[in-house]
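Next come two complexes built around chain A: one with chain B, the other with chain C.
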Partner chain A sequence: MVKNKSFLSERIGEFVRDLTGSGTGRLTIVGSSILIFFIVLAIFAPYIAPYDPTEKVGLSLEPPSRQFWFGTDNLGRDILSRVIYGSRIALSISFMGVAIAFLIGVPLGLFSGYLGGWVDRILTLIMDAMYIFPGLVLAIAIAAVLGPGVINISLSIAVVYAPTYFRIIRNQVASVKSELYVEAARALGAKNWEILLKYIFPNVLPSVVVVLSMNLADALMTEAGLSFLGLGIAPPTPDWGFDLSSGQRFVLSRAWWGILFPGLAIVFAALGFSMFSEGINELLNPTIRERR
Partner chain B sequence: MSLLRVSKLKKYFAVKRSAGEILLRVPQRYVKAVDGISFEINEGETFGLVGESGSGKTTTGRLVLRLIEPTEGTIEFDGIDITRLSNRDMRLLRNKMQVIFQDPMAALNPYMKIGDAVKHGLEIHNIGKNEQERKKIVLEMLEKVNLQPEIYSRYPHELSGGQRQRVVIARALILKPRFVVADEALAMLDVSVRSQLLKLLLDLKREMNLTFLFITHDLATTKYMCNRIGVMYLGKFVEIGTYKHIYESPMHPYTKALISAIPEPDPNIMNSKKRFIPHGEVPNPINPPKGCRFHPRCPFSMDICTSLEPQLINMQDGRTIACHLYNSH
Partner chain C sequence: MSLRSYIITRIILALPMIFILLAVIFFILRIIPGDPVLAILGGKAPIEVIQQKRHELGLDKPVIVQFFDYIRGVITGNLGTSTLTNRSVFEELKDRFPATLELTIFSFLIVLVIGLFWGAESAWRKDEGLDIVARVYSLLLYAIPVFWFGLILQLIFASYLRWLPVGGRISAVTNFKIVTGLYVLDALLSKDWRGLLDVLRYLTLPSITLGLVISSVFLRMVRNNTVLMLSKDFVKAARARGLRKKIVLYGHAVRNAFVPIFTIMGMEFAALLAGAILTETTFSWPGIGSYLVMKIRYRDFPAIQGTIVFFALFIVVISIIIDIVNALVDPRVRY
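Up next is the complex of A and B:
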């Protein structure tokens, strides 16, 4: 980078060129538009949805029509409205789950990596044991114990993803703590927590930001899986996973719309998250960028 | 009066054994990075530490600041044995002893602005009443090392190598230390920048009455900086003396080799100069040679050198040397 990047406009210009000029840049744009679309749906659901998602507004299992674009389910509720409202649960649980996982995994990883010794060994052992469990199976077990509810589902998702953050942060800290600037801080007389917070944390944070966005897609799928199995949010709250499972009972009665539209919503939201994180990853990570 | 007195200082690093070696009870081996060295540095003096890579210079510097714990020996700073201080007391003493590292890019936190990096020491030791006063102190210090005040809100990657090293110097000296370890502080800079910074260090040393431990492998800079020079080989001193002793009339064969390796700008002198290059590599510090550590590479090696380790003896001209060649005196 020889170019003068002191002007803000220059930097913005470069960023826009990066976004539009390459395949990964376009990937990011498509991904983030999908994400923004779903976020807008979630926030403005009461204004966008044509009907109340929990009320019987038509006949049972009406096919898509002018009146009900996505048709109605077995209880006569408008599927379009339920898909729109469902984005609220899907997004809030995946964001909350990942946030809780971040808040558990990152501090533990910082301590474990910095302290080393037997504390580190025990924590690493526990986290590795959790990490090798298949995600959905672990989430099912925890959700079954905790019971339904937004917080409980977020917690069970968080338990699945916390080890990922722990492992990344721990390994980064273990290498960063031997850097010269950490030794310089110690020579200044800094306390351990100051070194950890001011010198080590900022240097390990970028590596988890990418993982954060990647986990959002996974968390969304896990949430849908849990509610599909009946371990998610208590009905009648609109939820894509739950609607999928109630819709699939009527596929044999040729009511394909009951399963298609919630399913598509899950696929698109997960796709949006993945494309966004993939793009961000390549834009932020210079080692991948070089290979372009 | 001596500000720093180091005696019989040792640092052994344990060599990692594999699981198989532990099971087979292979004995634990150690890298003897620093193997029983003693020296004193007087107030206001600059003590140079020279030697090849792997001779234990840097380890000595880190030990003296207690950035690593010594295996054995004592380090007295201003009459206090710092090897026995609690971590808390050691932290409080750190404003008196500072360090300037070799690689300024690695020594600065890439996510911390220059101003904050220099200011952090003031915050730790509660110098300055409030934020404005601290900022003022930092700006004064930056001016002292010839840096523009704009640098205050820049990040390390936006500066040049010389500017970064000035920042590192400012960060070390803002606490008004009495003792500074300069660990190859000028080695990574361009020659022109190096001479500027050498002058800066000399000026600051005079102004702030600093005592230096000046670690370098570049003998030429010791000429301008050091009152006394200690030559290290494989974790031990082979010769300690003034600049005149070491540079103009080296006595230990290893010191002779180091001095003869200094390039001479005049090709006539360069060609006529007796080159004296020890053969072979520096031996493995896990298993240093028996007797004199230099004997496998020494052209004057005698029978006694292979069996008996020479002790440091004081010569009549004031230098100290560890070599059997001079033991008869």
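Up next is the complex of A and C:
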């Protein structure tokens, strides 16, 4: 990342210009609109959804009709209502998973990079080992032992993404800690924690903001994958991934609505997250834009 | 450094990585959950049964002893015994590995063809039609969960059109000698053309599903790295000399972008393995991924742990291979 020494206000100004002017700005706007749409769905689900998502309200496997826009599943539940309520689990787990990952990875990275020595070496080795592991496999392993539940699934996702934050922060801290302003602070008598929190932390934070938004899309997909495999939330709570796995049993009965709609919800939410993050990424890193 | 000493150093360097990976897996699966015996038997089992089981699994020993027992087991190829089937986990994995390998190889071929050619061509015609389609393609496929894509293909090609089977690996009527476990290869070896066609029909949907979804990231990386190379002086010089596009693009630009591309290929292989778990479950493909999911359903912890260890070792081996090939292609890597 290129060092950007301009003032925050300048950066915000450029940001707004970019947002309204260029093509990438449009990406950010579309992405964040999709995000806001899903957040509204999640918060106001009881007012938006036409039926109770866990009640039998129609016949089994009714195709989409005026009464049930997205059809019904094998238990006669309204799929539209389940998709709307499903955004609650999807959003809360991806936000929580990424937040926990951030809270584990960033402090560890700060200390590791600042302290150096054998603590740093061991932590780096462990985090590197976790980093090269395929994320989903790691999450599956943890989810398998922790069992279902919002917190447990968020934790399994967090373990996958914590090493990313650790690595970025650690490397940044290691390079920043020999900068002149840190030495100046030390010469002025600042204590270690002061240097870490007041001088180093604000300087390394921007580098993970982009990663934060990028991880949201990944976390959403990981959650969907876990619940598709039956490792997510216990039924009957509406969950896109789980609904897909129950819809799969009716592929040969051509009950396409049970597969199409929950899947589209995942795709749109993931698209929203990744467009948003891509836009933010390009706005914050002008070098990427030039390479296009 | 000579190539041979590079390879040896690389393998020696991988050993601590393997050790740490094994430790992380052990820690996650043994320490965090508390008591795997209770998880297997449920909370209401009588105390004698619980102690018996604990002894069977070696869980009554101190943790550190357990850890070294486990490390010794992995080194000697003993991944424990499945509590569900009482078979050696290693044997069970060996039976299922060819299915996963076959699926990943075919998917990887699809990833390569799409990624390399489309990536290179859209780098050449940057910001034109083909390139814009490529960008939309990779953004869209990145957001599509691999299992959902599989379900949609099943719906279209297996349920509505009835062109291809909905899942499985081979028809009951097909019967050729299984030598390698890679059915395509086995059918070729026994010259059973009907069987080959049958096996390919089963392979089509899963490998297309996995291949297309994974190709999105790869395509982008190839494109971006080739764009970078195309702006370099040696490419301009090649163009100025009037070389044909094919030579400039593939012989100069893509070739020099190969080291980063190859490194990404290694990472993509890891993603491919993870994707294989979901794809195998979607298509009831009898590989290691669906094995893991089944074992989780029955809370067969030794088998779960063994499978995860297997995945870890596989990833390390792939990363070593990638580095060695990189060193072969580009001597600079060795220094």
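List of remarks:
Note that in this section the second predicted complex is superposed on the first by the 269 of 292 C-alpha atoms of A that agree within 3 Å, B and C clash if a C-alpha of one lies under 4 Å from a C-alpha of the other, contacts with A are read in each partner's own complex, and residues count from 1 in each chain.
FYI, a residue touches a chain if its C-beta (ideal position, glycine included) is under 8 Å from a C-beta of that chain, and two chains touch if they have at least 3 such contacts.
Nothing here was measured: the structure is a model prediction, and the numbers come from that model.
In this overlay on chain A, chain B fits alongside chain C without clashing. With both structures placed on the common chain, the touch criterion links A:198 to chain B but leaves chain C unconnected.
Touch criterion met: A:189 reaches chain B, while chain C stays clear of it. When the two structures are aligned on the shared chain, A:132 is found in touch with chain C, with no touch to chain B. Once the two complexes are overlaid on the shared chain, A:56 sits clear of chain B and of chain C alike. When the two complexes are laid over each other on chain A, the CA centres of chain B and chain C sit 100 degrees apart as seen from the CA centre of chain A, to the nearest 10. In the overlay built on the shared chain, the residue A:248 is in contact with chain C alone; chain B does not reach it. In the superposition on chain A, A:26 contacts neither chain B nor chain C. When chain A is checked against chain B and against chain C, the one touching more of its residues turns out to be C. By the document's definition of touching, of the two partners only chain C reaches A:146; chain B does not. Once you line the two complexes up on chain A, you'll see the smallest CA to CA distance from chain B to chain C is 10 Å. Overlap of the chain B and chain C interfaces on chain A comprises no residues. Within the complex formed with chain B, the residues of chain A that make contact are 179-181, 183-191, 194, 198-199, 202-203.
Of all the residues in chain C, the ones that touch chain A in their complex are 16-17, 20-21, 23-25, 28-29, 32-33, 36, 39, 126-127, 139-140, 142-148, 151-152, 154-155, 158-160, 166, 224, 227-228, 270-271, 273-275, 277-278, 281-282, 292-293, 296-297, 299, 301, 304, 308, 311-312, 315-316, 319.
Those residues of chain A that touch chain C in the complex are listed here as 125-126, 128-130, 132-138, 140-142, 144-146, 159, 217, 221, 224-225, 228-231, 241, 244, 247-248, 251-252, 254, 256, 259-260, 263, 266-267, 270-271, 274-275, 278, 291-292.
Residues of chain B that touch chain A in their complex: 62, 65, 67, 91-95, 98-99, 101, 103, 106-112, 120-121, 124-125, 168, 171, 175.
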